[in-house]
Amino acid sequence: MNEGTKNDALHLAQLCAKELYQRDAATQHLGIELLHSAPGESLVKMMVKDYMVQGHKTCHGGYLFALADSAFAFACNTYNKPTVALGCSIDYVAPAFEGDELAAKCIEKSRGGRTGNYDVEIRNQKDQLIAIFHGKSYQVKGEILSQEMLKND
Amino acid sequence: MNEGTKNDALHLAQLCAKELYQRDAATQHLGIELLHSAPGESLVKMMVKDYMVQGHKTCHGGYLFALADSAFAFACNTYNKPTVALGCSIDYVAPAFEGDELAAKCIEKSRGGRTGNYDVEIRNQKDQLIAIFHGKSYQVKGEILSQEMLKND
Amino acid sequence: MNEGTKNDALHLAQLCAKELYQRDAATQHLGIELLHSAPGESLVKMMVKDYMVQGHKTCHGGYLFALADSAFAFACNTYNKPTVALGCSIDYVAPAFEGDELAAKCIEKSRGGRTGNYDVEIRNQKDQLIAIFHGKSYQVKGEILSQEMLKND
Amino acid sequence: MNEGTKNDALHLAQLCAKELYQRDAATQHLGIELLHSAPGESLVKMMVKDYMVQGHKTCHGGYLFALADSAFAFACNTYNKPTVALGCSIDYVAPAFEGDELAAKCIEKSRGGRTGNYDVEIRNQKDQLIAIFHGKSYQVKGEILSQEMLKND
């Protein structure tokens, strides 16, 4: 890939992530911020709020999962092909507490045919590993950004 | 197990689930209702709200996961032993939409030593399968209900 | 589905499983027997041999996985559409020992579009649960049995 | 950790892996070679043999799993604490064929309390990614190498 193509791919990735973020009420509602996107990659952030804490006084797994899942969604949708999750798994390493600032970084392990594999790490403000997540993606028909939208960019 | 012991186990399961639900701001915040609990079992319900919908206009996987994860937490905490998740996986079968009434039913596949395996099915108001979930539990030290709490019951 | 169509589907499932078994040197080499097949279902059996035992003196997880994976492959290939695994998970419940007779039963949880979800339980000769397995399938192009093969049946 | 302690940990890891390999008929039977071990790490190799090929003419998932599982077992047993698998998952990226030389490299993602998380990548002789694997470990009682064995080393 030459520099020009690389820049185009990066630019497209960022446009896709931005567009998806705007449409995504769920991610916005959780206070998740999109910090970085590139082809097959993303970095998102979320603070653990009081309503995210469960009966053991640690962050409910559902919110850790939601954070990782958002990172995964942004990363696998960077090629302008709408891509959904087939399935995901999460492994909890250490608890997160109210007030923690969590960062979730997603990288692409593979992409071929219609499917892909993505890994996410969630770390807290001390860079401690909180959870690891794996997502399997499936590319559906259509485009995220229409030709019109791309032209006007 | 004789009838009396069975009734005791059922009663304890219901007390544990009720107690955990009260402590669990995250589950309450999501509008999840606890409909049934028994040793190793639970049934919970959640309506898909507008803020739960993501960029593809279907329920964000994080909220489906949170629902299943709550069902799992209630089911594995029915023996008065605080039990946490080691890891979970979810497989998406069909999309859920805003306004859908989702039920998540958890059953125990195994429990031995400190660990256990639990399966959850999420179905919508038409009894369509939306997602399947697997959780692996780990029993930590302590008790959910103190002897005092159990006496006063 | 009427009785006739149901019988046809069952017959096709059995032909597919039989054909796949004949082509499958790996499954035969492990001494895995195919006991039952129906649309989306299978039952296979394997004895734990001396060479399957690892350093902890129990059956190597790879052989438990191979047994479950074979059950999964037979079950998801019962519609005359070649179907491969995208990914699988296994959870170990109890150890298996040399000489144990293990049965793996696969059922279909969902099938739609090109993908499907399948659950397998491995049980020993005392009907104790040894492991639970989940497989995600992906249908590729082509047919298992050609029209010619189906005509000559 | 100072140089001396680091060397001791590396030496112990190598002794544990060597001991486990000698006891492990299953791994030896598959022709798996142990190329490298260090605390929380391992590298193993296996050639895809004719009997490992299934009905689609590619390596049976069970053998890919067995290779990754062996890498995982060596890596999580490097601290002289007998450690077993609670559960594992594998995601298939590309098929492997008869004659392929597969390498499986395991790294430790986390270890704390009695449990740990490990990732394995399987690559072929062209360094193509074939499968990714995740294992969850559980430390049981006892020691791999007795004090006697360690003294005589």
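Per-chain numbering from 1; labels A, B, C and D assigned in written order.
As a convention for this text, a residue touches a chain if its C-beta (ideal position, glycine included) is under 8 Å from a C-beta of that chain, and two chains touch if they have at least 3 such contacts.
What you see is a predicted model; the values in this text were computed from it and never measured.
Comparing the chain pairs B-C and A-C, the larger number of C-beta pairs in contact belongs to B-C.
Taking each chain's centre as the mean of its C-alpha atoms, the one that lies farthest from the centre of subunit D is B.
Look at where the CA atoms of subunit B average out and do the same for subunit C: the two points lie 30 Å apart. Distance between subunit A and subunit C, defined via averaged C-alpha coordinates, is recorded as 34 Å. In subunit D, the positions touching at least two other chains are 86-87, 89, 91, 117, 136. On the subunit A side of its complex with subunit C, the touching residues are 86-87, 89, 114-115, 136, 138. Within the complex formed with subunit D, the subunit C residues making contact are 19-21, 23-27, 29-30, 50-57, 59-63, 65-67, 69-70, 73, 77, 82, 84-92.
Of all residues in subunit D, those touching subunit A in their complex are 89, 91, 93-94, 109-110, 112, 117, 119, 129, 132, 134, 136.
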